[in-house]
Amino acid sequence: MIELKNIYKTFNQNGTHEFTALKDISLKIEENELVIIKGVSGSGKSTLLAIIASLLKPTSGEITVESKKIAKLPDLHASDFRASVIGFIFQSFNLFEHLSVKENVSVPLVPLKLKQKSIDEKVKKALLLANISHKENSTVKNLSGGEKQRTAIARALVNNPKIILCDEPTANLDQENSKAFLKVVTKLKEKGFTIVIATHDTIFDSYDQVDRIINMQNAKIV
Amino acid sequence: MDIFLSNQVQIFLFSESIIYLISLIAFIASIVIVKEWNFNSTSPKQYKLEKRSFLIMTIIVLTLWIKIALLAYFVYTIDSISVLIPGAMCAAGVISANQYGNPLLFLKIALLFLTGIWLILNSLDQKAEDYPYFKTKLWFYIAVFLLLSAEFYLDFAYFSHISTDDTVQCCSAIFGLSGDNHIPLNLNVLTLLAIFYILYILTVLLSIQRYPFTLFVISLLFLYFAYQSVVHFFGTYIYELPSHKCPFCMLQKEYGFVGYFLWGTLFLGVFFGISNFILKILISYEDKRLYRFTIIFNTIFVILCTLYVLIYYIRNGVWL
Amino acid sequence: MQNSFLNFLALLVYKHKSKHIAVFLISTLLIAVLASFMFLTSSIKHDALIALKQQPDFTIQRLIGGRSVDIPIKRMEDYGNITGVSYVSARVFGRYFTPDRKRYFTIIGVDLFDEQLVKWVKEILGKTDIKRFLSKNNMIVGSSVKEYLHQNYYDSYFNFTTPYGKNVKVDIFGYLDKQSDIIGSDFILMRIDLAREILGIDSDFATDIVLNIPNPAERENIKFKLLSLNYDTRIITKDELFKEYENLFNYKGGVFLAGFIVSLLTFMLILYQRYSMINSSDKKEIAILRAVGWSIKDVIKLKLTESIVIAVMAFFTGIITAYVYVFYFGAPILKNLFIGFGNLPTSINFTPVVNTGELVSMFLIFIIPFTASILIPVWKIAITDSTEALR
């Protein structure tokens, strides 16, 4: 469950390029909801996701995720939170090109000091869920766009998060892979994940699993 | 002045200088942060400070580990220059070559203790979600840095005042019957041992029952009497020579470097013993794990000492 | 520190190898130079001290006008009568210049009654009968002498000329062993009266008189007594020699180390610079790690370990390189700094002497500045703001 109250985010405060990406954002997302955040580039969608993931700290306002106030969490706790509660899928995948699929998916688990066996189990489960087990030992740079996407999904799922955040997930995919992505999202919704997708891809307009659409324009919700 | 040509002394002083330099950086950063720190603020400046605190933390953690190594290296250095100083046959003679030696050694050990406390403070501070002890730990570090500066000065003062011409006493002269370090209070060996074991048992009992202040006092007493006991009694069993009374020789290869282990466990035991009280007055915190470690390390130390005596008796059928 | 961390670390190190390779090579070079120097010094010191141990406790020379002159043998009796003196002996030795006066050998006279010297010679000759050596005009030479003689076509004997112009033919009987050769490569050992003849020393005189005093506590006293017996003497003690040797090695070592530290400081600056250059792919890497839940502390740990692994690898490579250079190849070029090539050039094989204290010293002097230099760059990388790089 995600709740934002009067969130502001200004970059380069008091500097020459001061820029307010989010103005007075208040919203509430319930558990297992699939929410689309629509808006053109620059409207603040990515910033909003980053704030929810505690990758950015708000300039002012309150944000509670899974009953935790995360606005002022120190780094150690913020990263703990991010590792266990959030799974992030990026537009450009953001994978380690020279590592294998398996290695990429295990990256979030490395600092958690788990036993090797436990790590292998979680990785296996995630690969299965994302439908990319057959490519576990392939180097990422040799994969197709759709396969890379699935690797990114597996990585987001590996530590069993509650919330999946996607930033323009279909921007680098063709029609077919975009449709496949939708199928994965459906599966995830069934499994109980809360999903927030920031996108301006029209493919989501006719997607029936969507619970709510939030429109953003000029750093505000409209 | 010739001393400065010894390789080990150069390496030691160079390393200490580097460590002092990075500690200075941490010090300056701490001063800046402690002035402007406001956890509840969401200004970019505050976040910058939070990021900077990581630098300080990393520096201090590294400093601790390196300083532990440098303490051991310090002893090695002193031992190796003993050939250049007439009369000295091991580190004991060199340490007393001038008036800076003993205070320097004492300060080094105290600094290790204090840095250890800082680390505990730091890990507690990080566990909470609002950095409750942040300012305390920075002020603590600032105080520690002043001592670090004193140590740095003493390092150079000590080495530059070592004369290669004047004779010094060797350990048997310093610690033996003819020297000025008799057993304190003119006790005989048996009474000393009795006090030693009684103090040990007290530290165990106090740790179980958790009386931080009393444990603090008893731990310090235990440190003092343990040191005397090792020098005047247990050490002789390590050297298997009743007249060889020296706290340093047991750090050498011939004795299997057992000195490091012996002094190490003693320092750890006493460190944990006093830590609870210090933490209590600094941040009103008590931790049962610290008590547990006190018991563990003190026990290992006492067993090690006693074993040397027993094994000697078993092997030879007589006491020294 | 589980498998996956080490695995990830290894992959990272490999991936960044272009960044690390320069650092690795320079580090290895630095360590190799330092280690070579230290190995050489230890080896020579080791052998020299062994030879030095065989020296007598006291060496008494006669000085007139500040110049060392021959000392009358009859003083031996007085010296021998002092309590605490366990052994007295007179030595005959001196410099013999080659005809062109550019170089010299050191001639040492061997007296059958001189236990210590005889012991040494016996060690060199092995089973060969020392009496046979001493019966005729024979000599044992060091390797530099051998080389010189060979170059001048004297392979089995040499014609010495005494200060009075007389020619004396001496046959080559044998050569010094490796250990003695370190300090004695220009030595020529021969029968004592033959040495007297060639050096022009009268039979009632010797070059110096040596004493052994087993009890160290008495040495100071005896020195005093000796001086009061004959004011024209200078007494050199073995302890002083030890200290002087120690100081000499320390001096050479100290000067070198000081210079080395300067290069180390430069190296630190280079390191700092190099690792401070954060390019965009580095930023992206860190951003990804932070986004998936790595804390700043985890990133610092990773990056620190990455660099230190390089440092440790460089250290071992440097040490091994130095070892092979000094002990297998005999340290060409570098050794000339030590063996004074003022006298006679030599080719020597060094005894491998490695002690842990030295290795630890070298490790400390390298790793501490190294870690200090990369501290700030690593921290800077770890705190870079992640979101920009992830778009």
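As written, the chain order gives the labels A, B and C, with residue 1 at the start of each chain.
Convention: a contact is a pair of C-beta atoms (placed from the backbone, for glycine too) under 8 Å apart; a residue touches a chain by one contact, two chains touch by 3 or more.
Predicted model only: the values in this text are computed from it and were never measured.
Asks: Which chain has its C-alpha centroid at the greatest distance from the C-alpha centroid of chain C?
Replies: A
Asks: Of the chains shown, whose Cα centre falls closest to the middle of all protein Cα atoms?
Replies: Here the chain at the core of the arrangement is B.
Asks: When A-C is set beside A-B, which has more C-beta pairs in contact?
Replies: A-C
Asks: Can you give the whole-Å distance between the Cα centres of chain B and chain C?
Replies: 36
Asks: Using CA atom averages as chain centres, what separation in Å is found between chain A and chain C?
Replies: So the centre of chain A lies 65 Å away from the centre of chain C.
Asks: Let me have the rounded angstrom distance from the C-alpha centre of chain A over to the C-alpha centre of chain B, please.
Replies: 50
Asks: Residues of chain A touching 2+ other chains?
Replies: Chain A, residues with two or more chain partners: 75-76.
Asks: Enumerate the residues of chain C that touch no fewer than two other chains.
Replies: Each of 296-297 in chain C touches at least two other chains.
Asks: What residues in chain B touch two or more of the other chains?
Replies: In chain B, the residues touching two or more other chains are 54.
Asks: Quick one: in the complex, what on chain C touches chain B?
Replies: Listed in rising order, the residues are 38, 242-243, 246-247, 250-251, 253-255, 257-258, 261, 296-297, 300, 304, 357, 360-361, 364-365, 368-369, 371-372, 375-376, 378-379, 382-383.
Asks: Can you tell me which positions in chain A touch chain C when the two form their complex?
Replies: 46-47, 50, 53, 55-56, 75-76, 78-80, 82-84, 86, 88, 90-92, 94-96, 98-99, 103, 106-111, 113-116, 119, 155, 159
Asks: Name, in rising order, each residue of chain A that touches chain B in their complex.
Replies: Of all residues in chain A, those touching chain B are 13, 57-60, 71-77.
Asks: Residue numbers of chain B touching chain A in their complex, please.
Replies: On the chain B side, the touching residues are 39-40, 42-44, 47, 50, 54, 126, 129-131.
Asks: So in the complex, which bits of chain B are touching chain C?
Replies: Within the complex, chain B contacts chain C at residues 2, 4-8, 10-11, 14-15, 18-19, 21-22, 25, 51, 54-55, 57-59, 62, 66, 69-70, 73, 76, 80, 83-84, 164.
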